[in-house]
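Got some structures for you, see below.
The same chain A turns up in both complexes below, where it pairs with chain B and then with chain C.
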Partner chain A sequence: MRDYYKGYLFILPAFLLLLIILGFPAVAAFLQSFNLMWVATPSFTLGSYKALASDPEFLTSLMNTVIFVTVVVSSHLVIGLGVALLLNMDLRFKWLWRVVAILPWTMPDVIGGLVWRFMFDTLPGIVNSVLLRTGISAEPIDWLGNPTLAFLSVMLAESWRGYAYPMLILLAGLQAIPRQQYEAAELDGCSAWQKFIYVTLPNLKHMIIIALVLDVIWESRLFGMVYSMTGGGPGYSTQILTLLSYKQYFQFFNVSYGASMAVVLATVLFFISLPYLRMSMRQQL
Partner chain B sequence: MLDKLIRCAASTVATATVAGMLASAPVPAKAGDVTVTYADWQLAQDIWGRSLREAMAEFEKQNPGIKVTTDPTALSHRDVKFTTAIRGGAGPDVFALDVNPVKQYITNGWVKDLTPFIEAEGGEAFLKDFYPNTLQPVSEDGKFYGIPKNVVAMVLIYNEAMFRDAGIDKAPETWAEYREAAKKLTKATKSGGPVDQWGATLVLAKACFDLRFSVVLRGFGGDFLNADWDESRLGEPAAKEAFDFVTDMILEDKTMPPGIAQVDCNGARRLLANGKVAMIFGTMWTLPEVNGMNPDLKAWDVLKMAHVPQKTVDDKSIRSTLYQKTLFMNPNTKNPEAAWKLIKFLSEPKQMQRWFDDNNMLSARRSVNETYDPITSSPFAATVTKEIERAAFLPLIPKWPEMLEAFRQNLQSAVAKQKSPEEALADAHKQYQAILARP
Partner chain C sequence: MATVDVRNVRKSFGDHEVIHGISAFIEDREFVILVGPSGCGKSTLLRMIAGLEDITAGEIAIGGRVVNDVRAKERDIAMVFQNYALYPHMTVYRNMAFSLRLKGMDRDEIDRRVKRAAEILNLSDLLQRQPRQLSGGQRQRVAMGRAIVRNPQVFLFDEPLSNLDAKLRVQMRSEIKDLHQRLGATTVYVTHDQLEAMTMADRIVVMSEGYVEQMGSPLELYDQPVNTFVAGFLGSPAMNFFEGRIGREDARAWVDTADGTSLPLPASAPGNEGQTVIYGVRPEHIGLSGETLAMEAGVVVMETTGSATQLLADVAGTRVVAAFNGRHVFRPGERVSLHPELEHVHLFDAETRQRL
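And now, the complex of A and B:
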């Protein structure tokens, strides 16, 4: 057998495993969205997709998802870049600061959500306790019962939990920038700000795009943090698309409708990931 | 001497550890043994879990050759886990459900038809001890899919000591009295401090919302759906009265604690246990739960039960909601005979008595509730048993979980002032009509 084919043979088990684990659920969700799988009488229909277009709850959840992802990913990039720049400096105990910076990301999102929920709890929560004791607030604030505050609280919690992921990508990018470029800039009399604008940012461009695309995908699929913190409430105010899809599929047993939401989300995310795919394919070529 | 002591202590600890490991290790099934899996969210709870595991040990003793593996499944993940597993041809052999999702399980074929097993036990003679209304959720087209285990009705639970302190001498019988009592009970316990005691709380979070809000709606003479469960009743004046009553108590009277959107049944019980509220809606399980949360309260002495308030005292209509726990068999079970033996065992009168002794739960069997001394002599059981006659199940239709959530989200929107109460109720009514109109 030629070596060329042997290579394919070696990757076959991993390929089959991936096909089963990732491919089957994707195909199953796709078929279910057209009412073709796991129903008493399978029959092709576009009914679920038509219903989505006129469902106000779906549109509200879609809008919530767009706002949530925009705010959270922006904050991740800003905080992540700031922390990456700090960790890239010659600090004492650098390893310790790196461990501390990455800690929030090691926390499962459901646990993170529960911790923040307890912190924001109206009566026994630590946030209100501090505000009341210091006299900043005269009465407890209903953080998770007020629609605006609840949405802000969830976004704050996820900004804290998830910033480390883009931070790691950007830190890797920072470490790959040749020192000579900074030395040349210094010889030209550049200030620290000018070095950041004209050396750091252009060199980080690709890493920023990778971090942006991957974080958008990650945050669009987020479920545990919001589910455990607010459950989508109060009312529909923090309900994002993944929560609605979950509810329709597993709580209301509207399998086709829930699957159609997942397919729409996956399609949107596929188009968002195109710049990343193109970039990584270009690098391989 | 010290060396000897350390060695002795170390060997004692090692022996105890090994003995503990041996004692807690599951006994391996012998060749020819049958293993059945039992899944129940209450296995994860302290008192219930112990009680159920003791029952399983007794079952194994009585049925040599059958081993039971217990599967504590969190209530929040129960349906996700069961339905996914059953659709995939797996899942626990026997499992427990409350009534909310039962019709979906039956419609989708996720539970086994138990009619042949029941007929083999004597058919009607086997079923006659169960309250007739407990069989309603588990039957479809003359077939029986489950065996009822426990049934209770929701009642008002109040702290008598707090009532006395506020100068209230009896439980409220009408909603007007309930609201007045809540106002008197809401206060700052420290002079000059913020309000830290409230009259009552409802449950507005997802977990347990169904059983609590429904009693207010029914107590006002309204309901979610008509008797045939095919038309919304949320457009009726009684629904508006109940909806306004709750939103007014929260937003205007402020007699319910802030942050009520996050209060679930455990949260409500904790508020009662810590003396933060004086009234909640609950039932038999509330007392042991509250007692476990704060033994200093002396829940068994201080807490009292009363029927659900009504609009007028002489109203004789349905005012409460029934809760039922039922046992089902997985259609994929490889051991239906052993699974049936387990279902029969868990629902026999002797075990029903255990559920009352350990968990204060009433039986779905009339004979147990009417003849077992600890039940007949309990004032709490007397109140709840009486309330069963004035209680009904929530709609037993596959679309119900979706309708319930639509209502809850609209009520939360009204409490969060995203919508006016009129708008929120009208939206819920519209959503009900749309869901019911769907095939």
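And now, the complex of A and C:
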């Protein structure tokens, strides 16, 4: 019985830390969104939420977020699975390739954003200088100045920076598939592609769901990469919800309005994470 | 059905050769067991027959056709794996039907074959289950069903019973044997368990460190082991060995060990007087009485199985195991006379460890 309490004692510091840096802001944002905290005259109102529904900037940012997360997470899964399959083969210098593959993910996202901003720069950027020198384009392209190109560029950059996380999850899944299943499939007459379809994918199903859910949550909360690369512009073209919430809260000091966006995002992410939570709960029981 | 011809086959992983030129011919419809301690190359040889490992040198022919460059799926063989290797997301039915579907076989034919195999293996009620809902023995049967439906030229088994508990292993042993008798399929079976080899095989191939030590029927190997390895590997409890010199006088012969024990030999035994030999006798060929020279032994431990009694005794510092039918009572420390049966004594050269 005493060991039972000791366990709680050990997790207490971490619990307190989480309470302060996550719990408090979460509760504060929730209260602020209803105009109940840090205002001159607290009074419960759904005003902020009502305003959201008719705010074109919010709706555009919400749409941007949906497109951004869908595209980036899909490409993460495709690139991640591809790289995981390569890294799972018998390669020379395997450890080296693994390190190289994880490098983008080790980069702080603000730095990643800045690096890509320089690369996409109109004049000295490497992308334009390659295009000009090889003659693919006669004039430099204003990657981050054109709304469509800017959005594509941001998604491309984040596809590169974040693929390693799902890749690691999928690689762990690949390594857990018994070799004999591939051999049995070989004897059953499977081609390489059929082995992928009938052995790899079904065995990887759980890992794919885990990678998908975690990556959706991760990418929906992304801030630094986009903020440092485009700041949400040009116009609202690359503005995702986290940027708008930040802008409303910290730049325009619309505390209640900015907080309500954070609450909406958190609520959506909670429901997205349910299948993952259910899966990990079931494994613990 | 078909023969399997292994001709001077070698296998290297990098610079390391693990199989050093093995030859073996397996007759049509024969049940051959490759047996040996772990690391002896038996599984590697089986995987080369299956096409899961390249053949470094030599040839393997199945049904007269050299298959060195034929891919596994085109060799017309089926394999049962130690951990079953069932597809976890498919039902029993689909697991068994999978290879036939890949071949594009017609639905009715697939259904007929799967149901027939299920009937043979007593799986008819489980066809809609998932592998995780099955017991170990049932999974093993599904793995066999997957092999049967294909009606292959050769069945390969890679330690199929190692993951089962002792009781189930005995039961599956007779099921596999019975299955072989009914289907009459050429079968190559790998195990490290000499008891499986002895009870199931038409012929046994004993392997050690990448070489074939001996090939023959179970009783041939048991009665006439060519060297001390085979003699010690087959049989449980294992054969007792003593090192000593042959002595001869008139029509008598014996072996004197270094610690002064004299062990009886038939006068017709091979070997010259003074030659250093290994003297081997199986536990069940030691009696408690007889007219031969006896080993004076001290009882260390007695074990009984109800139907037999096993004795671990000490003969001048050497441990000896003797096994007797029926029940006997021995007390630790008690002195007993152990009499080897002359006609069942084995002699091996002490240096080459080959049978004399």
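Simple rule for what comes next: the second predicted complex is superposed on the first by the 273 of 285 C-alpha atoms of A that agree within 3 Å, B and C clash if a C-alpha of one lies under 4 Å from a C-alpha of the other, contacts with A are read in each partner's own complex, and residues count from 1 in each chain.
One rule holds for everything that comes next: a contact is a pair of C-beta atoms (placed from the backbone, for glycine too) under 8 Å apart; a residue touches a chain by one contact, two chains touch by 3 or more.
All of these numbers come straight from a predicted model, not from anything done at the bench.
**Student:** Touch check for A:Ala53: first (chain B), second (chain C), both, or neither?
**Tutor:** It touches nothing on chain B or chain C.
**Student:** Looking at A:Glu139, would you say it contacts chain B, chain C, both, or neither? Reply first, second, both or neither.
**Tutor:** Touch partner of A:Glu139: chain B, not chain C.
**Student:** Which partner does A:Met281 reach: the first (chain B), the second (chain C), both, or neither?
**Tutor:** neither
**Student:** Contact-wise, after the overlay, does A:Asn203 reach chain B, chain C, both or neither (first, second, both, neither)?
**Tutor:** So A:Asn203 only meets chain C here.
**Student:** Should A:Leu9 be classified as contacting the first partner (chain B), the second (chain C), both, or neither?
**Tutor:** neither
**Student:** Which one hits more chain A residues, chain B or chain C?
**Tutor:** Of chain B and chain C, the partner in contact with more residues of chain A is B.
**Student:** In the superposed arrangement, does A:Glu183 touch chain B (first), chain C (second), both or neither?
**Tutor:** second
**Student:** In the superposed arrangement, does A:Ile21 touch chain B (first), chain C (second), both or neither?
**Tutor:** Touch partners of A:Ile21: none, neither chain B nor chain C.
**Student:** Based on the A-chain superposition described above, do chain B and chain C contact any of the same residues on chain A, and if so which?
**Tutor:** none
**Student:** Please output the residues of chain A touching chain B within their complex, sorted ascending.
**Tutor:** Its residues touching chain B are 38, 40, 117, 121-123, 132, 138-140, 142, 144-147, 231-237, 247, 250-254.
**Student:** Which bits of chain A are touching chain C when the two form their complex?
**Tutor:** Checking each residue of chain A against chain C gives 178, 180-181, 183-190, 194, 198-199, 202-203, 205.
**Student:** Show which residues of chain B lie in contact with chain A when the two form their complex.
**Tutor:** 79-80, 83, 87, 101, 104, 108-109, 194, 205-206, 257-262, 276, 398-399, 401-402, 405, 409-410, 412-413, 415-416, 418-419
**Student:** Give the list of chain C residues in touch with chain A in this complex.
**Tutor:** 50-52, 72-73, 77-79, 81-83, 85-89, 98-99, 102-103, 146
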